[in-house]
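Labels run A, B, C, D, E and F following the written order; every chain starts at residue 1.
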Amino acid sequence: MKFIKDLKTGDRVADIYMCKHKLIATTKNGKEYYSVTLQDKTGTIDAKIWEPYSDGIDEFDDTDCIDVFGEVTSFNGALQINVKRARRCREGEFDPALYLPVSSKNIDEMYNELLGIISGIGNPYLRKLLEEFFINDKDFITLFKKSSAAKTVHHGFIGGLLEHTLSVTKLCTYFCTAYPKLNKDLLLTAAICHDIGKVRELSLFPVNDYTDEGQFLGHIVMGCEMIGVKAAGIQGFPELLKQQLQHCILAHHGEYEYGSPKKPSIMEAVALNLADNTDAKMETFTELLDNVQEPGWQGFNKFFETNIYQTKVD
Amino acid sequence: MKFIKDLKTGDRVADIYMCKHKLIATTKNGKEYYSVTLQDKTGTIDAKIWEPYSDGIDEFDDTDCIDVFGEVTSFNGALQINVKRARRCREGEFDPALYLPVSSKNIDEMYNELLGIISGIGNPYLRKLLEEFFINDKDFITLFKKSSAAKTVHHGFIGGLLEHTLSVTKLCTYFCTAYPKLNKDLLLTAAICHDIGKVRELSLFPVNDYTDEGQFLGHIVMGCEMIGVKAAGIQGFPELLKQQLQHCILAHHGEYEYGSPKKPSIMEAVALNLADNTDAKMETFTELLDNVQEPGWQGFNKFFETNIYQTKVD
Amino acid sequence: MKFIKDLKTGDRVADIYMCKHKLIATTKNGKEYYSVTLQDKTGTIDAKIWEPYSDGIDEFDDTDCIDVFGEVTSFNGALQINVKRARRCREGEFDPALYLPVSSKNIDEMYNELLGIISGIGNPYLRKLLEEFFINDKDFITLFKKSSAAKTVHHGFIGGLLEHTLSVTKLCTYFCTAYPKLNKDLLLTAAICHDIGKVRELSLFPVNDYTDEGQFLGHIVMGCEMIGVKAAGIQGFPELLKQQLQHCILAHHGEYEYGSPKKPSIMEAVALNLADNTDAKMETFTELLDNVQEPGWQGFNKFFETNIYQTKVD
Amino acid sequence: MKFIKDLKTGDRVADIYMCKHKLIATTKNGKEYYSVTLQDKTGTIDAKIWEPYSDGIDEFDDTDCIDVFGEVTSFNGALQINVKRARRCREGEFDPALYLPVSSKNIDEMYNELLGIISGIGNPYLRKLLEEFFINDKDFITLFKKSSAAKTVHHGFIGGLLEHTLSVTKLCTYFCTAYPKLNKDLLLTAAICHDIGKVRELSLFPVNDYTDEGQFLGHIVMGCEMIGVKAAGIQGFPELLKQQLQHCILAHHGEYEYGSPKKPSIMEAVALNLADNTDAKMETFTELLDNVQEPGWQGFNKFFETNIYQTKVD
Amino acid sequence: MKFIKDLKTGDRVADIYMCKHKLIATTKNGKEYYSVTLQDKTGTIDAKIWEPYSDGIDEFDDTDCIDVFGEVTSFNGALQINVKRARRCREGEFDPALYLPVSSKNIDEMYNELLGIISGIGNPYLRKLLEEFFINDKDFITLFKKSSAAKTVHHGFIGGLLEHTLSVTKLCTYFCTAYPKLNKDLLLTAAICHDIGKVRELSLFPVNDYTDEGQFLGHIVMGCEMIGVKAAGIQGFPELLKQQLQHCILAHHGEYEYGSPKKPSIMEAVALNLADNTDAKMETFTELLDNVQEPGWQGFNKFFETNIYQTKVD
Amino acid sequence: MKFIKDLKTGDRVADIYMCKHKLIATTKNGKEYYSVTLQDKTGTIDAKIWEPYSDGIDEFDDTDCIDVFGEVTSFNGALQINVKRARRCREGEFDPALYLPVSSKNIDEMYNELLGIISGIGNPYLRKLLEEFFINDKDFITLFKKSSAAKTVHHGFIGGLLEHTLSVTKLCTYFCTAYPKLNKDLLLTAAICHDIGKVRELSLFPVNDYTDEGQFLGHIVMGCEMIGVKAAGIQGFPELLKQQLQHCILAHHGEYEYGSPKKPSIMEAVALNLADNTDAKMETFTELLDNVQEPGWQGFNKFFETNIYQTKVD
């Protein structure tokens, strides 16, 4: 397959791409045509179908994969595919992983690493709670493995929620060594659960957008409630332990203005906020550097609120 | 009974007051004495027991009511009771209502007015939800009637939560007339439920302080969860309706920095925030004016962030 | 008359519309044409006059009403009138109310309701002051009835200032019932006068833009000064009463950063700020909902600083 | 006369001082005494009158000058006058200038310098306006010369308003040379008038406190209104010129959060804000350095939000 | 030479202009052309070279001066040069001063005025330090005279750093007269040195952009370090004096959020911040007024955070 | 030796303590006495010397160690030593480590661990730079080992700077494993050097207070300059590498308002800020928990801006 990032003017195209967005437009002469954004995991390209209702042009919708035949041209300095034929593909004809952003790490290996950490939790109530989510709740497991951690910012790919969760949890493991006042069982449980509400806040790919309840309630409150429901099902789960765990979830954004209804009151909640923030910033910078076109100064970056530079050490 | 606000230098005292706080102190000579704050519903007064371990002086603790015999003196310009005898009273000897701040309105009348509003809710799911709390849940009802709405600020008295809830709800009723785009059933239900989490956030009088879960989770998240649990028990409760109602609860402080994890996204949530804010400010100003000693300028007030003046219109 | 919101591709147009804005542009061939925005009270539409200096095309300027003959076409997905003939109309040929945004409520009825409230003010000085503006000052009355309450945000239409004033005043009437510490005469007078400076801050429609003094001084300071001038003409008007009334005007935006040079120091000023803020937010949300194209999520809204959703309760 | 700053333990006192504040207090034995703060222009000292209702102790109130006979003692490391006799003085017995803070510069010389600047204003309307205040309005002139510029911060002394006004005006004169785009007549007029509202915002010494209208309206709005009234009395005063002048007054605090209802829109308003801010900061630092006890670091200063140091250049 | 600001449709062009930016673009037909921005000191104009690889069209790059032959046309309401011939010029063929923004004042005269101030510094260490920079360091002098004071905002022209420095220094001279507590030698030295780091923060014209070290370290820290290095080379330079001077440099932006790592602790640092701020605002407003097209309201200005108006006093 | 934290009422005291602060006070009778704060590494206690100028009471000053003979009493609920004899000790009579707060970790072991990390730096210039400080500069090494990391907040003890530096460096080592885009040599060098300016910002114990240059320049700018000086002495040190390292130092507080004149532009600077912030917060919380008197809620904490709770997991 020829990936979108490798296309250049004059190329013939005869490959399957995903339709990210289709728009019906009108020329100055009043004739309708399709303006389509095609995507694969390497990027997107504009495409035009000038004769949308003719033979060889199937009907298709957003997120369909279509087999495209056409030619790459250049318009106003940007590449464009002039589509001659477009056939809607059936599931099985293509490998979805080629069309959607996905973690560069192996999802099952990461999940097993997470299960290993869970098995090491000493407090029986906390370990049982984690097992209820990560071993016994099949629907949850499926969603958790596929979810991204965000719509647009860091870890915005399939497996992103798992990758972020594992990274935060391992950072917390390091913290427990460096700062022995931390309660390891509580902190690691909080780390593993801190973003579980995201399986309900964001729909899965290819949509990967906020759900209604995601917008109305947010992953922080939903994650807190999910823990409350599971804990209620565990005989003898200590009330105070549950509250401290839920507090870690509620406070993990660290500040009211970032959507936490509570600021961290216990050391584990402070640690979780630091680990979450660290992984978010390190991953965001990593993704920035992955997309660098030219080394050196990269211009102003809104997230870091300053100009960004790709380090040079020769 | 002689109320604390009416005591003056030279008065003999022979009445029952509540011990708000007892401190064991030492004179310069190393002799122990009790420094006690006595309270009734009209205020507090300092009292000294110079011979704490003598006959006629019972052992007692905070929130006990004690029968005090002594004399009012003046020290450094403030009144003080010099206590000669102090007897710990048993329940039944005194009327608790005399010793704790309590709403100036009739609690049962207010509650009936609230029930009347509930009976007018047209949407069957919302009305059923309200009935589950306010008609069927006896424990909740008991707590709701006795709770204050705050530890220190406005409505910090027995029945305060009910009084504030009713006032906000009636303001919302007015809003529905003035702004017909508002959905009345949703707004009134949200108004009635907006602070129900406070029955768990604050302990009852005479303590009236934050509970552990109050500090860890807060009344906003707890109220949201209480609605989730009750709604789950109502057959066919529409999911989207539940989310919008919970959103109103989560967003009712209006801003992240006031502890709301979501800002209001629907018109009813905006209206609820305005009604809550209005009642808080009007009641706070009312309580300020109730405590004015001299008319005119009252000095700087932290809540209103400016100097306060008692209006004069002759 | 065919309203702009009802036009569709292919329609013949032969009606009078107002020229909101005329731009002289040049085609790639260097030929001049007019690009005109036409408006009526239902909206605006783009129009092109390709032969501006030919017969059948009158000279006209912004805010002129012109009799247009042409055809509706579609360009880049938006409608456009291809104008063949354009005749400038004289006053009398058209009903101005058809071309400008206007309150959906009857202006005279609202004004009478306001007069009714004024007649109920008990304090003779305050009532006299209101009568000087709203009964005796013909120029002021004319402006007050026609003014909008804003250039772009809520109540930005003819009669908007009156509609907003009445709504705020009625809300304050409700407040006086709910919070008896409020001085009703002072609060209602302040509510009625709170935005009177807007008759000088904004010019009338069709311009509806800031005047020089509006920009230099603002409606808050001008309204305060207008009260000072009128009060000076009333024998025996109590100085302190005047200051408290002016304070309510100065403080009605509630915060320095919203342009109030004083924060509210008296309960009536706090109440007026709450009523003004409530009406502004409720009307803004109402106007948003009036313009909803598709139910559900409406995207990010700058005023409310969050995503907005049209409530659904079935 | 022996000034307060020169008193030391053991001194006999037989001089006239002003009573800044008298408090009736009670000893532990229940006996009343007076705790009095005496002041002269060099400072204040605590004084006790142990037998207030005896012969030789007149009745007196705050701001009275009293002839004191007594002895200086030391209590808790601070000096204190033990008063034996206290006689209330009549006007004429003492020189008020000895008891109140006053500008170190000659008030009449400063005023004449200001008049000289006024006589150089070329624009006839602006010069006429200034003459109406500073030459023709005798009451205003009296107040303007005596007023302080503040209750507590910089220029808080008799003549302080004049001294500050002159300093700002001369700074603006310099600006006009350095930045020729500035309109000199407008800027100097605005500088001279920028704080005239303070003659009504603050009462005169010895009280020097906010008046009711000072608190309700503030000197910015009152100064703007005073200009409006005077300008209305000058035939043909150009409306736009008046608005620009008033704008300079309204905007001279520069930011909304400092109480300006408008931010500076014209270059003269920007310049006035800079001159006012510069003089405020330079005078505040000068007063700080005048009060330095030990050179070097002076601790944290709230106004400058950092630790302050007295410069050393040897 | 015909300046860009004087060109109009139909003009023939046969003059030398500087290429500010050259972009290689493609027509719809896939043919490459050059889209060039030409500049002289009066402004910029768009130019098109439709046949870039033909005879008569030299190769050239950004900041080259080229001899252009062509015709002025109008496209979409903006002027454009249709270039027929373009010849790259050699140094010497043109006067660079015609193509770059340059101070309207004489650079050598300003520099001499600065040297005069330096010669008046009484403290031998401070004068010696200034001489090391402004008399003995030839490389520094060359850069200092040519540097702008900014990339985009005020004083963004050749000689701008010198002009700004001189203006700030003279303002400080005035301050020393008005506020005698200021140490003149220290303040003037700090004023002269306050922006010397800019000779390393910004590259010279025509580039005038941030250097690497400018972005990594900033002119404040670099200027502080430059003083440290020079002072280390002066025998006996008092350590405390050096620290106070460096402190003035570090603190001259006045607030942390403007990039100062220290807030002003000494009176001279406060004064320098005020002078720098004043000159920045006055010059910015002056440049705004220099560019006014139509008198009156100039729309919202980001730097002043409000609408700007060109003062009218007739 | 009997440590201060173990003293109780009635104890005889005959041990050496350090005089933290001596105040000469006066009794009501006008008699002078000394009010002294004594300290050892476990805490402080109040002491009174009622006969300061008698036999058996040596003269002594702050930070002297004195041999105290007296008795522990209780005053107003706090312990107090009634001192009978006080002898000023000479160096050698006592072990200073008993009287000053000191790291609970072995300083030489920590230093060796740091040297081990330095020896692993691959880049020859960075390793050489570190060796210049940490191996070759004996004065620096002495200061670095003894310095605290702060006057009042976290790591405010002897060895605190070293302990904090090592902890941040090890955290950065972990980051390099987790986020492979980080340049390990640069990040570890920056971590080791990030607070070196503190050896000049704070004087050593027992004073441990800000120096003049600490207040004027701050450890961030001084640390940056120290690197500049050392790098200038290393042949061929790459200019860009030096700038990036200095940038990490300048930006390590992360935000302007925390005193960083630059925000982090490279990934290593972001990482360093996160590591520094993490160690500061974890150590602060650890020190809080070390000082907990009663488990549970610890009241409002200014640094964490919320109520703090000691985690309970049973």
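The criterion applied here is as follows: a residue touches a chain if its C-beta (ideal position, glycine included) is under 8 Å from a C-beta of that chain, and two chains touch if they have at least 3 such contacts.
Fair warning: this is a prediction, and the values are worked out from it, not measured in the lab.
Listing every chain that touches chain C and chain F alike gives A, B, D, E. Taking the mean of the C-alpha atoms as each chain's centre, chain B and chain C sit 42 Å apart.
Touching two or more other chains at once are residues 215-216, 240, 244, 262, 265, 307, 309 of chain D.
Each chain pair that touches appears in this list: A-B, A-C, A-E, A-F, B-C, B-D, B-F, C-D, C-E, D-E, D-F, E-F.
Residues 73-77, 297, 307, 309 of chain C are the ones that touch chain A when the two sit in their complex. The residues of chain D lying in touch with chain B in their complex are 25-26, 28, 30, 215-216.
By the touch rule above, chain A contacts chain B in their complex via residues 212-213, 215-218, 220-221, 224-225, 228, 239-240, 243-244, 246-247, 250, 256-262, 265.
Those residues of chain C lying in contact with chain B across their complex are 123, 167, 170-171, 174-175, 178-179, 181-183, 185-186, 238, 240-241, 244, 262-268, 270-271, 274, 277-278, 281-283, 285-286, 289, 304-314.
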